[in-house]
Amino acid sequence: MRSAPLLCVAMLGVALSVRALAASVASPLPAEHLSVERLPAKTPHWIYVFDNAFSNEIDSRVHLFDGDTYRRLGQIDAGFNGSVTESPDGATTVIATTYFSRGSRGARTDVVEFTDNATLATTHEIVLPPKRAMTVPNIFNVAYSADGHFVYVAYITPAASFGVLDPAHGTVLGEIDTAGCALVIPSGPNRVSSLCESGRLLTVTLDAAGHEASRALSEPFFDADADPVFVQGIPTAAGFAFLSFLGEVHEVDFTGAQPAFAPAWSLVAPAEKGKWRPGAMQVGAIHRGLKRLYVPMHVGGEGTHKDGGTEIWVFDLVTHRRLARWPMHIDGASPVLAVQVSQDAAPLLFAATDSSDVAVLDALTGHVKHIEKHLGQTPWLMLNP
Amino acid sequence: MRSAPLLCVAMLGVALSVRALAASVASPLPAEHLSVERLPAKTPHWIYVFDNAFSNEIDSRVHLFDGDTYRRLGQIDAGFNGSVTESPDGATTVIATTYFSRGSRGARTDVVEFTDNATLATTHEIVLPPKRAMTVPNIFNVAYSADGHFVYVAYITPAASFGVLDPAHGTVLGEIDTAGCALVIPSGPNRVSSLCESGRLLTVTLDAAGHEASRALSEPFFDADADPVFVQGIPTAAGFAFLSFLGEVHEVDFTGAQPAFAPAWSLVAPAEKGKWRPGAMQVGAIHRGLKRLYVPMHVGGEGTHKDGGTEIWVFDLVTHRRLARWPMHIDGASPVLAVQVSQDAAPLLFAATDSSDVAVLDALTGHVKHIEKHLGQTPWLMLNP
Amino acid sequence: MRSLDHLFETSSRSLARRTSRRSLIATLGQLLTGAALLPLLPVDRAWAGDAKPRVDDPNSCEYWRYCAIDGFLCSCCGGTSTSCPPGTSPSPITWIGTCHNPGDGRDYIVSYNDCCGKTSCGNCKCNRNEREKPTYRPSRNNDLNWCMANSDANYHCSVSVILGVAEKK
Amino acid sequence: MRSLDHLFETSSRSLARRTSRRSLIATLGQLLTGAALLPLLPVDRAWAGDAKPRVDDPNSCEYWRYCAIDGFLCSCCGGTSTSCPPGTSPSPITWIGTCHNPGDGRDYIVSYNDCCGKTSCGNCKCNRNEREKPTYRPSRNNDLNWCMANSDANYHCSVSVILGVAEKK
């Protein structure tokens, strides 16, 4: 509550000066000039909210939203069933999407589009073969290499492979087959891993031309029958964490030539297992500095892995202890389908709900600061480069 | 209430026979074959509901809805800011719309698309010059000649003109300038009238090749400053009726070489004038056999002509007397933005509301039989060929 | 004419409000729609008094064979549980589910085909995921647009087609 | 760390529920946003106790200069009442409205430009039509897509730009 009195004082000052102005001004308002708004200086609390627009799916889009002012800052269109990623330097939003020449029919064009985050203008595009993975949003549908020199695009036809693009030159460098494994998990300047039905990771290392130099399969780290992992990986300091349907946490270190697996640990106590479980479209977020994991959790059985979380649970990644449970319904929020957290020292947690709202929480306390109603139709993924 | 007992008896019979069947069948359900549904036989209670999809405007569409079963029968996609009409024989739905090569950006293609109402498959198209009137739906944005040989498309760039198309040969025959007058009001096999800012009708007569043979301006029949007419004309037996913002009814006979105007009459009594007024996106419907006019009415001042009707008023077109007032809110409906009535002897009145619902009423009694929730985002025009 | 209308109007409208005929008719409509498809279903329960009647309703997300549909029901879009709406094209490739039919106690393998070539139907959105697996097991995944290989690859709605009885594990 | 969080969590969350800080902050935010633009507006009323405060709020349909906007407010889409959101293009052609400014008692001619080249913003949908005329008077009509002549003709949102004081009739 500290800031409220300050705000009031500031407001009062403005209001008084305006009243003084009003009394002294007799001339009419001057003619105005129409302009195009420039974005203010970026803050850590900006978030890119991907709206799949499921009931009008040819019109998916990304809303840039400010978690401090609760204002929309702009929009990036995302076509049919689009996917989104951000460049490592945060300067560029990439949309991988598909257009049809007659809206929902006609000639199909798969394309990767580059939008300047400073102007929200789309600057150029790379046309793909018509193989793009048409699926729900996920950070592994389209991804940058760590140095920004490559963009990887997951292909599913339904045979799985991926495209390697050169964003600087606007070209497709090639396609690499990943039979039995899917999606693009980037690491380092030239490695792409895919999740395999066998519970392994396939890692392809590229040469300077973006062609395959080598590939290797890891040992299995999960069982796709007994307890599959969500494909929605969560960025950690050294790689990604993958949650399983039953709540196991698999942290994978991608800093080496091959992925390394930490011992799995569980989000749920033995008594909770099989009852409380994670579920969402974007099923977790990690504050890498504080080493905290935020997971939407619900009570449900097999097949509820896409049900939203009625609570957000907070874990310490070092101790694996649960720090808090934040029920969402008491603040008027519907079950949570996506979470993201800002990486600054006064972090915000964003929680998108199955009623299309985005709640803004203090990520340290769980205090719900704001609920933005209807930020699109189906906000299913949030990014904060 | 008559039919309910009959329904119950029929159901009981089905239920009993099913139970008998269940007891006798021990074998598992057989494998099934996937098919494409064929439309049942058309009835007078089918209605084509145009959804502008205003919050996702590149994805407008037409829902074919059955007013007896309260079921959707199918969908015809309508692109960006589309307009719709039906062929005189009811066999074809025509969509005039616009596509961009990158969804909301890129190369623009204006086009008229023809969909077979028996299969809901789009069969062919005619590409237009990029001049199509991009505006809210209205039966005068795209229209057929009475004999079906021509299709007329309103152009606004914002200079006003119209295109003449040959639907049988898939060609654009030409463009006819209508400076100061807009939209395409069809009459006979070869006449197109437009509404003029001067309160007149411009009528262009075409030759067999679809080119201008002659044109004539009528006397003014309304005052665009004092009391403009809605452009949403309502088909009558001999032409169209136009309502004014203040509730005057201008019936225009289009059967002759030039339009003929009946004396205007008023929807509102002197005491109601300036208080109760018509307002909607589709502001009236007429049962041509019963000679009844249905108008969404509301209490409001200047500038409320697009507010929906809180009541539907019913008028006798012969006596000009009001037959009924049907308040909508008591049946849970929001203000009415569009009305249409079936032309059969047991007519249904359809009322689309500003909360995206479509109410189905007995057009003789006003009895609300059903409210179909969320028939799209913004259902603003309904047609029943 | 006018007075007759007024009389009829008043009586039927007030009657409707008293007896909630609207909801009665809606219920009857749903039952009849279900009934028309029923000869395929050897159910062993009565209509009335059933605690979970909607497991037999092809227009409900709870219909037993929809156990892994994440999308719009074609039966609410102009099709049925096994047919695509007019003007759309079925996907030749599909994902597969295993659903328990409470009517005969058997588990069935069902094919979830998408119907393609028109934009999102938008009606009867369901999200059921029994035995559904992530994208790395595509044949069991419903997050993919299974219209992907159609010439018009836009997703409109989903159907559920019985392939056969699931083998006992 | 953990116990501290728990303490803070409990106290701030329960406090929020008691005092409805959320709505307070939302209100302050709206007022501040309005205040930032206020030096342009010689209003003669106080903030508090105003029966119609939203006639001064650029994020409200009731803002006085939005008297004939039928569409989405650009001020809710990343722009302001006079600027298009980043990445969109203003329409060079417009419709014109005449709006009464209760702040100075004058009527102003305003230009309603559309901002173009992105799909529907979808936020702050307004439908005001004071002195709006049908399509046959296009310069006073807001049913037309005024992005029609832009190279990217898709409609995103609308702004309201003061052109000058309306002449007395």
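Order of writing sets the labels: A, B, C and D. Residues in every chain begin at 1.
The working rule: a residue touches a chain if its C-beta (ideal position, glycine included) is under 8 Å from a C-beta of that chain, and two chains touch if they have at least 3 such contacts.
As the structure is a prediction and not an experimental result, all values here were calculated from the model.
A count of C-beta contacts for the chain pairs B-D and A-D puts A-D on top. Taking the mean Cα position of each chain as its centre, A sits at the greatest distance from subunit B.
The geometric centre of subunit A is 32 Å away from that of subunit C, both derived from CA atoms. Distance between chain centres (mean CA atoms), subunit A to subunit D: 29 Å. Look at where the CA atoms of subunit C average out and do the same for subunit D: the two points lie 42 Å apart. For subunit C, residues that reach two or more other chains under the stated contact definition are 118-120, 122, 156.
Across the assembly, subunit A contributes 55-59, 77, 80, 103-105, 122 as residues in contact with two or more other chains.
Within the complex formed with subunit C, the residues of subunit B that make contact are 1, 4, 7-8, 10-11, 14-15, 18-19, 21-23, 25, 28-39, 59, 61, 64, 69-77, 115, 119-122, 314, 316, 321, 323-324, 326, 330-331, 362, 364-371, 374, 376. Against subunit C, in their complex, subunit A makes its touches with residues 54-58, 80-81, 98, 100, 103-106, 108, 133-136, 138, 156-158, 160, 180-183, 194-197, 224, 228-231, 302-307. Those residues of subunit B that touch subunit A in the complex are listed here as 53, 55-59, 77, 79-80, 97, 99, 101-105, 109, 111, 113, 122, 125, 377.
The part of subunit D that touches subunit A in the complex is made up of residues 1-2, 5-6, 8-9, 12-13, 15-17, 19, 21-22, 24-26, 28-29, 31-33, 35, 38-44, 46-47, 76-80, 82-90, 101, 103-104, 106, 108, 111, 113, 115, 118-123, 156, 159, 161-165. Residues of subunit D touching subunit B in their complex: 67-68, 70, 93, 117-120, 122, 125, 127-138, 143-145, 147-149, 152-155.
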